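Each remark here refers to the structure printed beneath this line.
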């Protein structure tokens, strides 16, 4: 196990390993979605599955997002555990009826007699001209719907452990992957391990301010915290991992300790998961707050395509540093971190060669 | 005009009058949706339209919510102003792709060159066993989407003035009517008048607490405020009228005055419009708040059907009184208001004879 | 008789939920239910009472559900539009038009994966074929040759809207399914024997890997779309049309036939009716006597364990 | 030539957005564009360059849009997948498969309401017919007899997925449209003249109230689904298949035909090509020279006035 701990995989490989692990041990797990068995294999996340588990359990599908969601739900009534994949969250908008009116309500509206163990993997993106129809973050929609669980891992090891838990959870789970995380490496044990849904993780320990984050924003937060540390600011970084249900206990205890909270989110601001966290913290930790809570999410605006327009549109480490500085009444020099990022702002790293 | 002011119409009639008024003055206004020309006429809201404006402009449609939304959007490119109606918001979940990926983004993603002046009327309900698939309030979904406007009138006169503004607005507008409001009467002038989208209305003036509300919850708030007044509590009641965009100015100025805020909403709590208001008020009016902000919305739970189960599920005047009392540290006797409501809790009044 | 009893007692206002009765359309459910085995799957719509009972669904559980009682088949959470009985693989009914069609296909997929010879049957109305999801679902069922039995009850109306405002002139619903690639037939929805024969032979072929089958059965709803009254006074359909179908009452046609063929006597029928009425009385008594769920129950069972 | 120039220059990484080239499929757009009048409406998909240009869309505006410049036809907000040119009633293209089909029907409805003799034309691929919205849209167009011209470019693939994993064996897309009730034909998508004739006569009838028309044109995409390279190395289609279609290059076939029929000489073609190349060079120069939008522009035009 110790050896194991040092095993490096990237986020996409970790997803792939979770799929193998789940399909290996339970033949009721199936995997389908546009392109799951095509040459690109959903950015490598479904590589090898068809070869190993056969075309009955791993298959492409018609471009029929709504019906295919229903097909997954129906199959789950008979003990199948479908993992459905969409290359962009935006395409899944076609399936809201099946998701909300059926998957989310089924267990409840039949008095708990049956359940819908389905996982829906959705990719969200950023940059390289993904633009208005290829980059939307809708976690708050899903979190608004009782009966759904919503997972947004930030690290490779969480990706594996959370996907395994999602697959073996008896509820519909929306599993959101940020495209800019796929190439990030981390320590990923080879064994089957499960990270419980609904439990956040403290990634950095500090007394000055709580940063509550999810998915890719956690990476930006880690960059920011390094700089903040050099400037004598200690941040508590809580990566939510699951945005529904939220680990309120950890959030509240952190805020009660630090008295300050900055919430990060990948989506637009209004009615977001970040709104919910700011609201709850304000209601539950009112007397502990030393200054107004804050959030950093996108302006309420569709996504523009031109790289000239996305520069200011997205939030990054610099914005986090500036916000934290403001909340603590400190001015912090951000020139260093701005320089660190040598590659253009609209790609996650050198490895990224567009267009996806 | 003065005479006019005393003219009583109910909310459904006010909607109907707005439709007449709009279609009369602009022949590009059309009206379609399941049942708009059937014997029941969407609870009377579309009465007489077909007879007056003909079947080309007023028509029933196939049960094809997604395509028909697209049809409305496409028609609007050529100057048509469609008003589409759904008898339940839940059915409209089939059309999220057209709404979000097309209607909401179109103006923005083509650089402002064109726009989508469509109104979508959605009914939300409560009680009489509407249950899990016939009663969902999803205003927060719509408010989360940049490019949409979301209107939720509480009174007959607002219903008319806001519908007229919605129809002649050049953006997609989601117009949400609560079924329990349709029979409520109010003063409705016969003339064409417009209530600007994005402007709230102060319905009661008070110094002790701000109640921020929308749609049917405003009626419950009015009941509650009467009792509170008798108990020496003065509430500022802000009816939002439009939940996107929100009239922040009026909200903040009220909260700055009273230092206390209770937010009401017809939807479930998490990631709701109420969350957004609590969050923003906490961020923007932090130093003015005398106690933790609060919200009253539904528990995060699908809607049950049995009248035994909806009793505790929905929020009413009693809950508002109790919450306000708690925030002010006062115990208020609610037995009087409980008695006022002689009819069963799952109907809005005597006139309601189910099943819709 | 079940539906008519509900209709009679609805105005006591104890059944407080939208209720869509299938009086006039009983034959379709009866015929199909007779063909299916207990472990075959069935899904249905807002108008599900007949389908539920014909699959063997528990009568008391259904009535109690309409009454909103703890003992209801969905424990009061679903009401008339959301019925389930897992003991007989009645997998659920729900009120979103077309919403259960892909679920039926999903059950078909699960059958194929599990390599059993079950059938997945899904009932829906003539409006459901206007939903894109219908078309997507049939396409996938055909693509994967799944054992899905699609039963479309064409009663010519969606609420008060006749077919002609929703579908092009000359449309034959069963031919549409055919064009998607599905084996497809139509039939008289008031002729229980004819339907039984057609569906039987289709189901036989399906159990042997023959792929999906679609049936359009024309029939007629007697009472109002939703609720317990008649609604011909509204004027959306003519009295002649109504009378035409009323004369073709599937139940009495079949009774007359059975008597004529000496399969059964009038006397025996009366006995059966008395038995049913007794069962029904018991079911209503059960429902009335059952407790309401406690109000806290509303907040339970949101997530499965 | 436009597409090939984009392909050549894409790896300069200045066109920073997903770009779907239509090399190999040019003939469909060319033929249909030739039939339509300036005030007819057109909508398209992610693969829209050809449709945009054939409708008379501004070339410089398109190239600048792909470069993300302020002078782009969508002012940098849309990129290659979201083109518009209202001057020629090219009403927009967008990337959600099937998403523009009902919009085209809506424009058809608006034409009927305004009683003009325009046509609304919507282009889409073979995958779009798998979306329920396609079927819902055609149904409504037929029901209301709207002047909608549906053009399906069947290039046999959706990304790397061949038809056989998405649609049942033996499916003929145009017959599906027919079953919905639409007048429908198929044709060779690489034969510009044949398509021109078919579409012309359909459009004539449509202008006289003949109702919607559907065409399936079979053709082939040469380059990778998205991006500027070739992708036959991925193995999702065979080199033979590719060669077969490459030999049927619609552009050279038509050139050869025109020369043979003495409509044009090789020399004249060369001249045209030089002109196009000049125009193209100017368009690229225009795009390169144009300013990027200011970063604050990102937050404008969310709502219309």
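Letters A, B, C and D name the chains as they come in the text, with residue numbers starting at 1 for each one.
Please note the rule applied: a contact is a pair of C-beta atoms (placed from the backbone, for glycine too) under 8 Å apart; a residue touches a chain by one contact, two chains touch by 3 or more.
Treat the numbers as computed from the prediction; the structure is a model and nothing was measured.
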item	value
Set of chains adjacent to chain B and to chain C	A, D
Length of the line joining the C-alpha centres of chain A and chain C, rounded to whole Å	41
Euclidean distance of C-alpha centroids - chain C vs chain D, Å	45
Whole-Å gap between the CA centroids of chain A and chain B	32
Contacts with two or more other chains, residues of chain A listed in rising order	61-62, 64, 66-67, 90, 93-94, 97, 101, 108-109, 131-133, 146-147, 300-302, 304-305
Residues of chain D whose C-beta touches two or more other chains	72, 74, 76-78, 82, 94, 96, 130-133, 136, 139, 143, 165-167, 302
Overall pattern in which the protein chains touch one another (line/ring/star/complete/other)	complete
Touch list for chain B against partner chain D, complex	28, 30, 56-57, 61-62, 64, 66-80, 97-98, 101-102, 106-117, 146-147, 149, 170-171
Of all residues in chain A, those that touch chain B in their complex	66, 90, 93-94, 96-97, 100-101, 104-105, 108-109, 131-133, 136, 138, 140-141, 143-144, 146-147, 244, 267-268, 270-276, 278-280, 282-284, 286-287, 289, 291-295, 300-302, 304-305
Chain A residues within the chain D interface of the complex	34-35, 38-40, 59-67, 90-91, 93-94, 128-134, 299-302, 304-313, 346, 354-356
In the complex, chain D residues that touch chain A	13, 16-19, 68-69, 72, 74, 76-82, 94-98, 127-128, 130-133, 158-161, 165-167, 226-227, 234-236, 292-299, 302
Sites on chain C touched by chain D in the complex	130-136, 139, 142-143, 165-171, 175-176, 178-181
